[in-house]
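Sending over a structure as structure tokens; questions will come in a sec.
Order of writing sets the chain letters: A, B, C and D. Residues in each chain are counted from 1.
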Amino acid sequence: MRQLLLKRLLQLIAVSWGVGTLTFILMRSLPGDMAYRIAASRYGMDAVDSRAADIVREELGLDQGALSAYWQWFTDLLSWNLGNSLVSGAPVSESLWHMLGHSLLLAGAGMAIALIIAIPLGLASAYWGGWLDRALLTASTVMRAVPVFVIGLLAVIVFALEWNLFPVAGFGTPAHLVLPALTLALSLAAMSNRVIHTEAKRVFGSSFYEFARMKGLSTWQAFKHHGIRNIAVPVVAFLGIQLITVVEGVVMIESLFSWPGIGHGLAHAIFARDIPLIQGAALMMGVMFVVLNTLVDIACHYLDPRGGRIA
Amino acid sequence: MCPLHARKLCLLSFVTFMALNLNATPTESNTVKINAAFEFSSIDPSRSGYVFTRMQVLETLLNVDEKGALTAGLASDWEILEQGKRWRLTLRDDVVFHNDTPMTAASVVAALNIAKEKPGAWQGVPVQAIKAVSDHQIDIELTQAYQPLGAILANYASSILAPEAYGQDNVATQLIGTGPFSAYEVTVPHRLVVEKFDQYWGQKAQIEYARYLTGHRAEARVLQARSGQADIVFGLDPAALPTLKRLPNLEVVRSDLPRTLVVKVNAGQAFLSPVEARQALSYALNRQGIAMAVLRSPESATAQILPPYMSDWYVANSDMSQDLEKANALLAGLGWQKNSDGWLEKDGQVFEIDMITYADRPELTTVATAIQDQWKQVGVKLNVNITNSSAIPAGHADDSLDTALIARNYGSIASPLGTLIKDMGQAKGGDWGTMNWSNSYVQSTLTELLSEADASVFTQKAQRIAQAIYDEKPLIPVAYYVQQTAVNKRLEGFRFDPYERSFFLNELTWVK
Amino acid sequence: MLALSTTQKSGLALLVLLIAYALCAPLLQAGDATTQNLSQILTSPNADYWLGTDHFGRNMWLRLAEAMQLSLMMAALCVMTSAIIGVTVGVLAATRAPWFDRVMDGIVTMILALPGLVLVLIFAAIVPGSFWVLYVAISLIQWIEYFRISRAITQRLTQSPAVQSSKLMGFGEWYIFRRHYFPAIMPQLFTIAAFGAANAILMMASLGFVYVGIQPPLAELGLMIVEHFPYYSDAPWLLAQPLAALALVVLACQLMGRGKAL
Amino acid sequence: MSLIHIENLSVHAGSVELLAPISLTVQKGERLTILGQTGSGKSLLAQAIMGNLPASLRAEGDVRLFEQRVNAEERQAFWGKQISMLPQEPWNSLDPLMGAKQQLAQTYHLVAGEGAAQAQQSADYTLALQGLQESGHKRVDQLSGGMAQRVAIACAMAGGAPVLLADEPTKGLDVSRRDQVVEQLMTQSEQGALITITHDVAVARQIGGRMMVIKSGELLEEGNAEDILNAPQHAFTKALIDADPVNWADETRDTRYGEPLISVQDLSIGHGKQALTRHLNFTLHQGEVVGVVGDSGCGKSTLGDTLLGVHKALGGKIERHSNAPLHQWQKLYQDPTAAVSSAVSLRTLLNDMVSLHNIDRSRIAPLMQQLGLSDDLLNRNSEGVSGGELQRFCMLRALLLEPVLLFADEPTSRLDPITQREVSQLLVDVAKQNGCAVMLVSHDPAMIHKRCDRVISLSQ
């Protein structure tokens, strides 16, 4: 267990340094003069001109050598001070925590609803099979064939416009969370219910499950003692792998529903060429990603004492 | 059982509690929800003050009426002395800041001195000094006459904040203004809630609260309007107009703006330097088609940069129809021949140019795509590059820009003269104006007009400049920018400010 | 060579149909995908415009075909590049010195640290509108899948009696790869390739959605969905066409990827 | 009172009859053994009795348990409490995530109805009885085959079911483990009844009681175990009994051998740092057949790998007296399907090797004829032929290389008894004719004794 955590910690450090440097190099090579871009997002579309850009350039010291900027950034990173956003001037870490909160809320809600949908359907289709299984298979295939933002668009058209049940975009009341979380949940459940189905079928058909019945355990007892845990191990491992889809889905859904999360913030920062915010957001996403993976590792370890987690 | 009067008592308290509670916090029924495309990156007026003046939190000394004439604001009247070198303004004496302190000459002078140091509107204004003459009069001394100073005083960058509003190095940290609404909740960069201010000196608001939310995606804003989650939505995507107009619960308000969709042309670029080439490109445009099919407002097509109601600057006879033969003839005259795959070619070089535009305004990308195809008919290969709006001033500065499609606002400072000087006053032109266009007459006359008092001479010179711009086409206008706004029918009294200075929230009332 | 299950065969049939449409459509109707006709915008499908016209009056029959060609070409290129790189590096990592394996593992962890889409987003923001940068970015992310599978299979096989006996009989490295490693990797490779193609197309569409992908006037499915969305109530078929095209092409790839009904 | 009474029980897959109608009765305290080749429908009979046939199959005829006529569903109520079945692979039938003691205690608690604390004690007691007291916490993957088998049996019996149905309880076990398990089965079912299904004649002899012989779904003989084993009526039963190495005829073999081929001084072998066996000293001569015996896990295969140079020896010296090239030191594998690539036909594999070492093609036909391999067999791939045929193909490939040493690592343990005898005989004869030394590894001492000139025992 300790060895597992050590490996993840190492990965965290490598990730933070790697992601930071990668975004730093990429953003320095962005076409277009950064000073102009920041001036545009600071002083508004029409007021930006070379004089405003010069003020921005020397105020933020944008023309200092790449290497010294990188070294300065690196020392800041060690003290977890991500600097201030070039556009709003607010400290980056502050707005990032705010954004991270929203993103985690959306991701958490999405995954929770996905499990609420996927587990009963997966188990039921494995236990009874037949038409339910075929119906679910077709539905999942269609859902997976469609990009997540299309699901979002359709959800907006149906729920927000035709039935006017939920707000279209933005945040604030819980009602705002419903559509984005539902969209994310549908795209996740499409995949996870088939995985749960396959694993449940494997366990129900395995000889240790049959022997448990042979020993005299009732169907429910066998499922409770032997079924749940054996199904959970590969499913939790799959959830670890599915994290990538969760984070990518969050980026798309946030920009569709203008949900003020990290994905939306990152996409917006890239256009405004706000380097500290981009590095902060990419870093935060990398860290969030590794932390979530660690949580899944820990869950897998306790579920499957054999320690073997599917790569 | 609880006796009768006791029950009546708790019912009464419940109702009062509800009434009290009703206007204590913003709710669905007492808040006007506004949605627009523009973020405010900070509270400082020089940066994104336009949001706070529009939401009527901040006010300026002078205002502007629909015709663009200066009117009284926080200053009751003003006079121009010593041939325009001294402006004396008399302040209202009944104005109170949102922190209940009275507005005095000292606080106004302090605010203006801070504003003039910041980039933006106050650039290039030859200010000698700003001082308080009495407790209700201030003087602005200039080193030389500067006619557009009135317009600058009406600009959002000169809005008046209480001295306590400014933090260290004069950056505003609190929104303490004088407007009919005070700031209730500010979340940079996209959410602002304002509350009715009862001690306002002018017309008091009927609406209790107003909430401003930024919606980046054009289609998201349209959805807000359709679903009724926003009462007033600015910057509607023309594509969605037909559907919105059919909806019962909202009304689409169309208003003309002194803002024009213009193709900025680099007259220094090899292919584009001859006047005939620019004229050909102008003839190749199907302005009617763009206005009708893309902008969904057929009458907005134009061949001039300024609107008719700015008569001084409007040339009487201008022809905007598409004429492909004349365009081909002009290009052939310059020696361009169409090669095998239809592109114009001259001594080995294909007539290929770039056009930069930005996605923040939904119309720009679609109009650029239309222009691309229309210029293709005459053999001009146009590559459209959609990036950030800052690429245009950057391209102007390093001469890398061929053409750019912009939505230039000539009314941001009431009279267009100030903007025209900025755009065409220098030899190289301006970031958002002409580029490498050598016309000495226009450059010299524009600065003269600054101090031209005689109206008829002003008009005669302005007409000559307008005619030169129309003939030599340093900027190829496409259409006027028509602002489409959706207003929910539960509101009454909405008025659109062509100069985009105020939403006139204090004139709004709930439909009974 | 590869026994395809019925689902895979139906996927293949659908894909062939789509390819046929993408390639033959331009032959069946004159004109090109970018010519505009501003007097004929949003006309519903009729005799001379089989799939109607878009908001610029462009012929949707040709535009959809061009968009489909772009998606299929991107998918094919990405799959081929990432497969070749992934398998070669995977087999080398499993058979060569352990330090090589650790180095590759480090690189993979680095790339996996950031979800693929964010990396592609940054790449696409650097050189907006270029097909080739997108292709490099997507391949850079997708080769990892092939690397991990081929390394895992090869590692398991190096200990197997079959490989040991081939070595004892004096066969060389290349023979062992051709006879033992590749046949074992092949079925898995086909599944990943199919899903990889689907993901490549989905990713390009997602970038179009966030205005980063392709610049006008090039036709791309994701961008078309965004452009046509405002017309969903008065020209629903205009939004439905790119949606259906995208769903069908991704569905075909996914069906081909699934051996037994997952 | 008969515990189990079956009349004309048969199993059908759609219209195909997999198991012909069969009737039997088992009285209290009786033992019945069902003998037959693998895949002759024995397991189907057991499943039909228990009532857990796979969905695609259906059983006909009626089954009476404890004098009550019960259909498949009703029989489920008997499971664990009245009748209990032990499945074929015990290491697959225990929950992979749960400790052995926990699974046993669970059965006492939930099936036998004992209190939680009481169940723990009974579990400890039973494990101690099996000599597993200190591996109670271990999971299946940490137990050896024999240990897992004993835990599975304990679980099956924990419900207190008087009747025990054991399906191939000794498959894949070492000889020593096998006797131990059979002993446990008999003691456990003293008061109830025991029905054992096996292909191993030795197990049948050890259990005694009544016996039935089945071949491809047909009942051939029935009667007392002693009588059938000593005087089998049916030809098939006779072949089955003779296949047991103990009954193999002793042939005279020319035990002459040539020059020393490879000698080993004070050799210790193992993986990494952990040595499996130390102080090995022997010399192998050309054409000599040497047997290698030892418990599983004592390093028999590792010895082969070390001699062939695949693994490094941990200590001691190996000296090769012949300078035959590397490819003439060959190895035969326990599982031929894992040793031959299934991607291409056997003919292509053969041609690959022939072209690599440009072997004289004329030698192929006689060798194939001697190994009993038909030519059209080469057109199929490794999965299209039987285990015996594939092993003989491996021998063909090895012999074509004119090997000086052939290390055969339990070459016949996966084959059924009859083929086992043919293949082992063939291996020894052909090697002798080609002057190739053979080291034959097996866990079955009887087979080694019958086939080898001398034996090396690897002790711990």
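As a convention for this text, a residue touches a chain if its C-beta (ideal position, glycine included) is under 8 Å from a C-beta of that chain, and two chains touch if they have at least 3 such contacts.
The model shown is predicted, which means the values in this text are computed figures rather than measured ones.
Trainee: Could you work out how many touching-chain steps separate chain B from chain D at minimum?
Mentor: Minimal hop count between chain B and chain D: 2.
Trainee: Could you name the chain whose Cα mean is nearest to the mean of all protein Cα atoms here?
Mentor: A
Trainee: Return the chain pair with more inter-chain C-beta contacts, choosing between B-C and A-C.
Mentor: Per the contact counts, A-C leads.
Trainee: Averaging over Cα atoms per chain, report the distance between chain B and chain C in Å.
Mentor: 44
Trainee: Nearest whole angstrom, what separates the Cα centre of chain A from the Cα centre of chain C?
Mentor: Centre-to-centre distance between chain A and chain C: 22 Å.
Trainee: Using Cα averages as centroids, what's the distance between chain C and chain D in whole Å?
Mentor: Inter-chain centre distance comes to 48 Å.
Trainee: Can you work out the whole-Å distance between the CA centroids of chain A and chain B?
Mentor: 38
Trainee: Could you check chain B for residues that touch two or more other chains and list them?
Mentor: In chain B, 387 touch at least two other chains.
Trainee: Provide the list of chain C residues touching at least two other chains, using ranges where the numbers run on.
Mentor: 229 - these are the residues of chain C that touch more than one other chain.
Trainee: If you look at chain D, which of its residues touch at least two other chains?
Mentor: There are none in chain D.
Trainee: Among line, ring, star, complete and other, which one matches the pattern of chain touches?
Mentor: Chain contacts: none of line, ring, star or complete; other.
Trainee: Name the touching chain pairs, would you?
Mentor: A-B, A-C, A-D, B-C, C-D
Trainee: Could you list, by residue number, the parts of chain B that touch chain A in their complex?
Mentor: 38-39, 41-42, 46-48, 50, 119-121, 123, 188-190, 213, 215-217, 220, 223-224, 226-229, 358, 360-361, 387-391, 393-394, 396-397, 408-409, 412, 422, 430-432
Trainee: Considering only the defined contacts, which chain A positions touch chain B in the complex?
Mentor: Counting only chain A, the residues touching chain B are 31-33, 36-53, 55, 87-90, 156, 160-161, 164, 167-170, 255-258, 260, 268, 271-273.
Trainee: In the complex formed with chain A, which residues of chain D make contact?
Mentor: 50, 52, 76, 79-81, 84-85, 87, 89, 92-98, 106-107, 110-111, 139, 141, 152, 155-156, 158-159, 161
Trainee: Spell out the part of chain B that touches chain C in their complex, as residue ranges.
Mentor: Residues 218-219, 222, 237, 239-240, 242-243, 286, 289-290, 292-294, 359, 365-366, 368-370, 372-374, 376, 383-387.
Trainee: Taking the complex as given, what residues does chain C use to touch chain A?
Mentor: Touching chain A from chain C are residues 106, 109-110, 112-118, 121-123, 125-127, 148, 152, 198, 202, 205-206, 209-210, 222, 225, 229, 232, 243, 246-248, 250-251, 254-255, 261-262.
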